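Next, two complexes with subunit A in common: one pairs it with subunit B, the other with subunit C.
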Partner chain A sequence: MMKRTLPLLATLGWRNLWRHPKRTFVILFAITLGVWFMVISAGMMVGIIEQQVRDTIFNLTGHAQIHNPEYRDDPAIEHSMPPPTPAMLEILNSPKVKQWSSRVRLPAVVMSERESRGVTLVGIDPKHEQGLSLIGEPVVEGRALESIDDDGIVIGRRMAEKLETRVGKRIVVMSQNKNKEVADRGFRIVGLYRAELESTETAYVFTGRKTAQKLLGLNDDLSEIALITYSRDGLEPLVASLRQAAPTLETKSWKELEPLMVSALKVYDNFMIIWYLIIFGAMAFGLTNTMLMAIFERTREIGLFQALGMRPRYIVGQVLMETFILLLIGVALGNLTGWFTSDVIFADGIDLTEFARGMESFQMSSIMRFQLEARDLITINLMVIVLGLLASLYPALKAARYVPVEAITRT
Partner chain B sequence: MFPRITRTTMLTALTVFNLASIAPAQALDAAAIIKAAMDQWRGTSSHSTMSMTIHRPDWERTMVMEGWTAGDKKSLVRVLEPKKDAGNGTLLIGDNMWTFSPKVNRVIKIPSSMMNQSWMGSDFSNKDIARSADIIDQYHHSLLETQTADGHKVYVIQSVPKEDAPVVWGKEVLRIRDDYVLLEHTFFDQDMKPVKRMKTSKVGMMGGRMVALQERMAKIETKDEYTEFKMLSAKFDISVPGSTFTLSNLRNPRF
Partner chain C sequence: MSTVTLHKVCKTFGEGKLAVHALRDIDLEVGNGDFVCLSGPSGSGKTTLLNMIGGLDRPTSGEITVANQRVDQMDKGELAEIRLRNIGFVFQAYNLIPVLSARENVEFVMQLQGIPPEIRHQKSKEILAEVGLNGMEDRKPAELSGGQQQRVAVARALVSEPALILADEPTANLDSVTAEKLVELLRHLNDEHGITFVISTHDKMVMGHARRLLKMHDGKIIDDIQQR
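Right after this comes the complex of A and B.
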């Protein structure tokens, strides 16, 4: 029976919809606008979050890190770790790991003729940082570090401004060596790197790992090993196997290393649901009202249907079908315009360079990109259709409860 | 800080210099002159009092300090006046530096992060105080010219830091008199523009030695901000007990 009634209801719904095209267009516009707004706000949110997560991971975090268990609480030289053992190397060099690198990463002070600043001195293996962190990217000025015993230094673009220095000049790096004595030496600035955030550019200075180890009297000891895989999710088995291979060291995934980021992700997710509900709330009143109007208009007709023997549930079905078609068109248009806005009009992102300084306090980069995720689109569409049908249930039930005689005689 | 020169070093230095002035190896004699001047400046052992005036456009303060040195690795300075700073001390052994303040009753080892901070509010950084002897082996020295002033020969020496030396300056130019009194020490940035200058304004005999009695350190751009040292008394070639340069003596003065 369903097989025959559904097409019938669909035909009825479709025709009912176009009895008053102007009214339908108005409510269609409202639905489209609502869905469009949900889609682009989701795109914007995901874009911002995605950027933040990527920046965090790229900002020397990686997907997982190995440390001395004390290092994260107190990144001091005495909390260094030995170079990786063969058991660890076996995992690190396995195909699951896309790139890994060992680093020396300790607090230091840099000085130019005019300024001095606290920084983190990072001794890197330049070849292995490619694709793993921001220092693997090409530098904006000068040259990048070339090998682990490169004795040049690469500093941030903004750092060079703050120190009133530039490529080719020397700066002094001061830190503490293994015997807690002052360890210092001059470094020639060979390149300047850029990062999304100014705070990153002033936070790190980079040199070859061997050079840093020599300066600090570390021999082959390291501060950390960072690695990146092909996906930032599902890292647990890899982390567990590394923990097993290095029981005295601490292995943590980025989710454990950056708990703030992870909780921010959760907050955003919940916030978006509330946001959708607010937009939908405004839309729902319009929808209910429109459908109610349509029912009142057709009182006599609905009474006639009932008098001819149409069951109340088909009356309900008829109204719901009408709403469903309306929602389907609205959602389709909303998605289309949303996609057009985010992927065609603002395909290159929105340039916020002018407000860059203000945005930095929110850890946002200066170019904002939209990112539409299937998951969000499905959530929005399902939510609008299901809740939209619920909103039209009231007019539908009202129509089904008409007493035929009264309905027919109403003028 | 503490002038000292022994007869032997002076003689050796003079001989080296005299020989070198004929020989073409100018780098060698320039280094020797600086070494002699630094030996004069720090010495092997000394006990002195001096005043330090920190001048700023809107205020000025003067401290009187007492200092001991032994060799070029150990020194101790203690503030005598004003009363509220009396007892503040700085102990230097090699590259390590400790300070003590009676008010907090605690000895603090100066960590590397504080090395670039000002020493007792002056125009000298902790690093300047701790490391001034490094100029001898961490630079390439060359004799630029020999001038004559007040009946003395004055050597103008340029010192360029070695590539990995922990020095931010592009070069330093020293003017040293033929009796090894440092007359002027100018620090240039890496664009070779002068940044700050220490200038000796009075030279005289004290403790049997010819030493700089008054010198002033000032930034080139802000001439009305300076730190001036005046030597009040000095004794050289005295025996300073080894226990002077200990943390316990820094905390509880016995000398």
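Right after this comes the complex of A and C.
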């Protein structure tokens, strides 16, 4: 029965909207503005979060890592691990893994003629770091590391500033070798790298893995193996198989390695829902008020509907249908303008270089990019439509409760 | 067989000293196919009586039966259903739905009844032709004269072939020529379709067309005249 009545309710809903075009445009503008704001705030928030997650993963974390079980608590040389076994290599070289690399990664001190700084010395296999971590990207000055035997050193731009040095100059790296004795050697700076965050540029210096192993007396031992897959979600089976292949080592996914980031993601999710509700709350007042005005103006007509035999539930349905059409148009326009803002006007992101230092304290990049996710758009659209209908339920029920004889004689 | 039966129907508005007795112990039977006019001065209870019969309002006491169903005991949904299936209304102020065309206004009740579109279109076309509105099907109420609007209202009341049509001062807003044409139309429809009409009116011309004339005063039927 309801199905057969739907076209009638839709016709009435649509035509009633245009009885007062000015009022309809005002409330449509409010809904569109609200949805637009939700869409761009979601895009902005997801953009920031995604950037942070990408930076975290790219910042030598990867999607998963294998270590000596003690290494994460105390990244000392004695907590190194042996090179991967054939069983581990079988998994690491399987199609599930996009890229993997083994590293030496230990605390060290770098010294120039003028300054010294505490850093993490990372010995890498340059070819395998491409696409896996920030050091796989081209350096901004000088050259990149070329092989595991490369005895040059690549440092961050900011670190070069701090050490008051430059490409071609020599610096000394000092650490502890396997015999717990001081190991040091001079390196020529062959390149400077750039990272999203300045703090990264002062945290790591890179050399060839073999060079680092030789300096620290590690032979073939490693500090970690890092890997990335084709998706950062659903890593559990891969991690489980690596744990099985290397039971004496510790294999952790990025979520286990970066629990703070995971907590931040949850906080962001909850925050966004609260944010949507605040925006929607303001919108809902306008919507309820508009629908109340509409039914007050049409009291006589609603009385007529009742006299002609329209059941109370269809009167509720008629008011809800009118709201639904209004919401549908508003949501469509809001999505469209939101998409236009994020993907056309600010397709290259918003340059916040001027505020870079301030942004960095929030672990944010100086270019803020919008990222619209289907999941967020569905949440916003469903929320606006469902809560919008709930907001108009009060006027709808009020209309259905009219006494026909009173309503029809109302002037 | 009676289409409408009222037994000791009373309606009181307000309470105590402010109470207004709009209907007092009304007993009435209206037979199938009858054409009844309610007459009387303003405030005599004509409209209240129509509202009670149509289930738009509830009696304070008494029993009302329409098409063998007790309307005084029905809930809102059941009242809507009996109005939809058994009762047609024609109001003084036409009361058409302004956003719908003449055809859509006529089809409104049939749509609520769930009648398929092709049957609806056919019936609405026929009934609009019968009330003399051929070619005006797609006009909105604002584009029709008062008489034409009232004809649309009659067509709407008639199209679902209800057992009873209640008309409250249907000619009050019409000029005498249009009013006469409308009443002749109602009478013709009564003769052709055998639908029962109960009409409240002040208009002597309308009373002249009634088969039965009920005179009301102070909430009571004071005279019941069979005319022809």
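Following the convention adopted for this analysis, the second predicted complex is superposed on the first by the 410 of 411 C-alpha atoms of A that agree within 3 Å, B and C clash if a C-alpha of one lies under 4 Å from a C-alpha of the other, contacts with A are read in each partner's own complex, and residues count from 1 in each chain.
Here is the rule we go by: a residue touches a chain if its C-beta (ideal position, glycine included) is under 8 Å from a C-beta of that chain, and two chains touch if they have at least 3 such contacts.
As the structure is a computational prediction, the values presented were derived from the model and not from experiment.
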item	value
Which of subunit B and subunit C A:G186 touches, first, second, both or neither	first
First (subunit B), second (subunit C), both or neither touched by A:V405	second
Partner chain(s) touched by A:Q176 [first = subunit B, second = subunit C, both, neither]	first
Which of subunit B and subunit C A:Y314 touches, first, second, both or neither	second
Partner chain(s) touched by A:D151 [first = subunit B, second = subunit C, both, neither]	first
Partner chain in contact with A:T5 - subunit B first, subunit C second, else both or neither	second
Residues of subunit B touching subunit A in the complex	95-96, 111-113, 115-116, 161-170, 187, 189-190, 195
Parts of subunit A lying in touch with subunit C, wherever the complex brings them together	1, 4-5, 7-8, 11-12, 15-16, 19, 300-301, 304, 306-314, 403-405, 408
Of all residues in subunit A, those that touch subunit B in their complex	107-109, 111-114, 116, 118, 151, 165, 169-176, 181-188
Subunit A-touching residues of subunit C, taken from the complex the two chains share	51, 54, 56-57, 76-77, 80-85, 87, 89, 91, 95, 97-100, 104, 108-109, 111-112, 114, 156
